[in-house]
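Alright, structures below, take your time with them.
Common to both upcoming complexes is subunit A, partnered first by subunit B, then by subunit C.
Right after this comes the complex of A and B.
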């Protein structure tokens, strides 16, 4: 984003081209060592799960148990595991840096004074957060498929579904892709809410604390039977839906409804961010 | 001015998000009752008896509020709560039923000659030859048709308006027990598809509660040819395949073959059976629920035992090994036992 101020010097230019803004933001995001280290650590998740499944001598229940001898399930299991806390954490980290971090460093001031509309600034920042989330999901999915095929292995590269049918390699990878896209949708919601918090504070730590605290609070609320009615309001209540991608024929109901819920959260988050940034003093 | 406009748009989007979340979260109420040509109860019952739905596929939701006590070793579907069942049929006896759970899935496939039961959690498949007229579990079509046939003689049958089930217009057929029937049940409602005359939903209402004690119905249903691949099963690699024990038609695990006796008819039918002998001394078979610790102790001229009551049924397990059960209050059970 530092490049923006330089590009907009011409008197006839009132805004920098959007493509260049986005590219600059992505470069800026990936130049942070913590982003790269996070992505590297995410690559370890599927590998660790794979080694754990191979070393364990008996199948446990659930998704991890389904990984044994069935390598293409590994990326889906790893994504589900990471979605619980780690992926939201990485997304919140990017969102915390995007606005609160810049404010803490005093660099947000320059961005607010630059001849870039505030809405465009929010759009660019949101894009940066989404790119980090997408990169993290992609790393887990790709390393998961590789580790699944190499470490866990599967008969003829097939995926055995929970319904007892076998899918070819292509269809199995398509299921992994479906889960990856769905996970990214959930992370977009987390990112948007985190960005809203980020726009309201100057301390990046507050963003991390509120996102993680929120996730834990949601977990506690969904564990209380008397608060059953609250479940459909909670973003996290649909986060086990990835299991449905392993059924044949695939069941899209739970993934669909949780995606709609995620879109609502994303609208709330982005709406608050735009509102706040419009009113924020430079 | 643009700043103000965008701030307004931002807050508008946020509010729209909250409203959207509410729309997703709050379940849609009962839709408007569809307008259907009137039909008499007799006509409706007759058409249900004759219908054959043909190939269909859909999702059935089982809403269980029976209040069954937690039985160790019993499947989770028996406990209170809702569970989904996905079901496909080609209309000629081949079918697939899957019972998804958070941990995995149980799949039952019948390809016309062989029935398979696959459990994804321990990756086992049980194979057995198909005998005629196997009853598929939780198929509202069959369970409702059976219920109508059994209860017609002792009930008032009426058509009570219309309903929309799984997006299809349906008549609400209501079976109310005759006043002489001593039962815990208030009424049984069956939603019958207006076009295909297939039962779409079965609701059991008990005395003293406005909410259904048990409901099984389609939430999603399509009639029409189904993918033939659904009705075949090939054990996936890594599966342990076992054959079901022979002679399944005769209930092999029941020693001395004591036939259950039926006392009464209609709504207050009581089934009196003898529990397997030697149950207490031997280790009970795996998967069989342990009934000895359930319920409350009761006694009377008929002996003593334990009473297990739920919203729609009660059962007494006597100390001398008899079991009496029915959709009746305790007194009817003890009368049946005293015979």
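Right after this comes the complex of A and C.
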């Protein structure tokens, strides 16, 4: 290709730098009002849990009961609660906007015409979804730690494990971090599947409905005793594993297997997305 | 006068450049049972301004989308700037297809910055300047920081145009660029197309405003029901279309009988008669004058694009929406000359089918 007289343009490139694309995507994600509102609402979850703990009977059983006197347990409890429904929905919302929403606005066309290659576009979009999920998890974890310290009290900055031992503040925060990373892995699986649905439609609501329906279906399936054999295949069946982080020493079995499962879901979801995007009309 | 010959016209199109800016070879697109584009061969010479004409649902947008690689053709292939893999050419191509696509919650400037971030030819440092220049060029400088949500239809269209002009382009594709624009906006678009043409860019513009196309385009391609009815240089098409001599005279009867005597085909029309076939012009004039016909004025009839278009797309009133066209759907231009039929009517094609 011969050089055309072009001023103020860069070298002969056929693709924009990846870093610039990712930065533009993150910028776009955080300029979207609903992302910000969602994150704001997520900040309320640990606060509500904290209030609930204060109000409720301090000797109540279960995870929430265990929060009493253990400020650092609160973020883990809040993450577990949110993982059941709200975090997957927020992730699905980001994935819905990423492809179906862009297609509906006619902006997907613009990106493909720039051009951004279709495989690279999936990569950029997956990154954007992951950033939203990470931001949501981070908000819950950080606000959870703060709320735990302030509202519940730090019990001298210590965390009482389910095993009865106590951990120092640093170790406690590390446990919260471990749970946060594990939750993010699960959300990556949800996000990848949601992206796959998103690549198949141009109606963002379809993506949300699919993820919501999927969660409910998985919940029903896992509640049927005759379908026990199905458990290892269901993404949601390992979603209570976060409590293992409260044992001493930390029990990684359940978290490990559910992470492997999540990575499989993520790989399949991304594979479908790439396959579909290469054929999609925009 | 001979009828328009598509193949002839296509050859005219292909002759004038080294590598065509865009080429379609047997492009065909079928959605379910609907044939949107039915095997189109087209070459757009470099530097041309090609007006793509056709009634709604004639396949203009589908053809453009296949040329740009947005839609995979059912059969055939497309080429952009000599590249069979369109993405290699796309950095040099600006396009506004199917209306402007932007995010409602971002300002016009933010929207353009996001689009510019994906442009391979823009360095990161050049983005703000390129965005401002494009905004000024389409006359949106004053509204750049307002949210896209609050833009009027015309402003949205202008922003879409700005997106296509972010980088100096070798090819600009504009699908209905004057949609929703006021007369001033339409004039602006015409100016921009003129500037692009002067700077050597190739422009493909689809429109149903025939006057616009006639004013700005060097070439035209006329589509109907997914088929190419005619393509070629505008002047060539107009000359070879409905031609004839227009003779202004008060002695219509005498003139007609005189011409009838030498086997010329003439009919009353306009302020006198119209001769559509017969001897050369000087001979006709001499005949008439010798017969004592008062000839005020004689000129070669050059039809307006509108007449040509109507003639090319007639047969179903130009609205192929019902899908009942049978063999009567074959355009009539080919039949009055050498009897050759041009293009093929697609049976059952529907209006507005794209996706």
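A few remarks follow.
Everything that follows uses one rule, which is that the second predicted complex is superposed on the first by the 269 of 282 C-alpha atoms of A that agree within 3 Å, B and C clash if a C-alpha of one lies under 4 Å from a C-alpha of the other, contacts with A are read in each partner's own complex, and residues count from 1 in each chain.
Basically, a contact is a pair of C-beta atoms (placed from the backbone, for glycine too) under 8 Å apart; a residue touches a chain by one contact, two chains touch by 3 or more.
Model, not experiment: these values are computed from the prediction.
Superposition note: with subunit A as the common reference, subunit B and subunit C can be accommodated side by side. Measured by the number of subunit A residues touched, the leading partner among subunit B and subunit C is B. By the document's definition of touching, of the two partners only subunit C reaches A:17; subunit B does not. When both complexes are overlaid on chain A, the residue A:279 reaches subunit B and subunit C alike.
After overlaying the two complexes on the shared chain, residue contacts for A:166 are found with subunit B alone; subunit C is out of touch. Contact with neither subunit B nor subunit C is seen for A:218 once the two complexes are overlaid on the shared chain. In the superposition on chain A, A:107 makes contact with subunit C only, not with subunit B. In the overlay built on the shared chain, the residue A:42 is in contact with neither subunit B nor subunit C.
When the two structures are aligned on their common chain, the gap between the nearest CA atoms of subunit B and subunit C comes to 9 Å.
Of the residues of subunit A, those at positions 117, 279 touch subunit B in one of the two structures and subunit C in the other. By the touch criterion stated above, subunit B contacts subunit A in their complex at residues 2-4, 6-7, 9-18, 20-21, 24-27, 59, 86, 98, 100, 102-105, 107, 109, 116, 118, 120-123, 125, 227, 230, 233-239. On the subunit A side of its complex with subunit C, the touching residues are 4, 6-10, 12-17, 20-21, 23-24, 27-28, 31-33, 105-117, 279, 281-282.
Contact residues of subunit A toward subunit B in the complex are 59, 61-62, 65-66, 68-70, 117-119, 155, 158, 160-166, 232-233, 240, 243-244, 247, 249, 251, 253, 257, 260-261, 263-279. In the complex of the two chains, the subunit C residues touching subunit A come out as 65, 68-72, 86-88, 90-93, 95, 97-106, 110, 113-115, 117-124, 126, 129-130, 163, 167-168, 170, 355.
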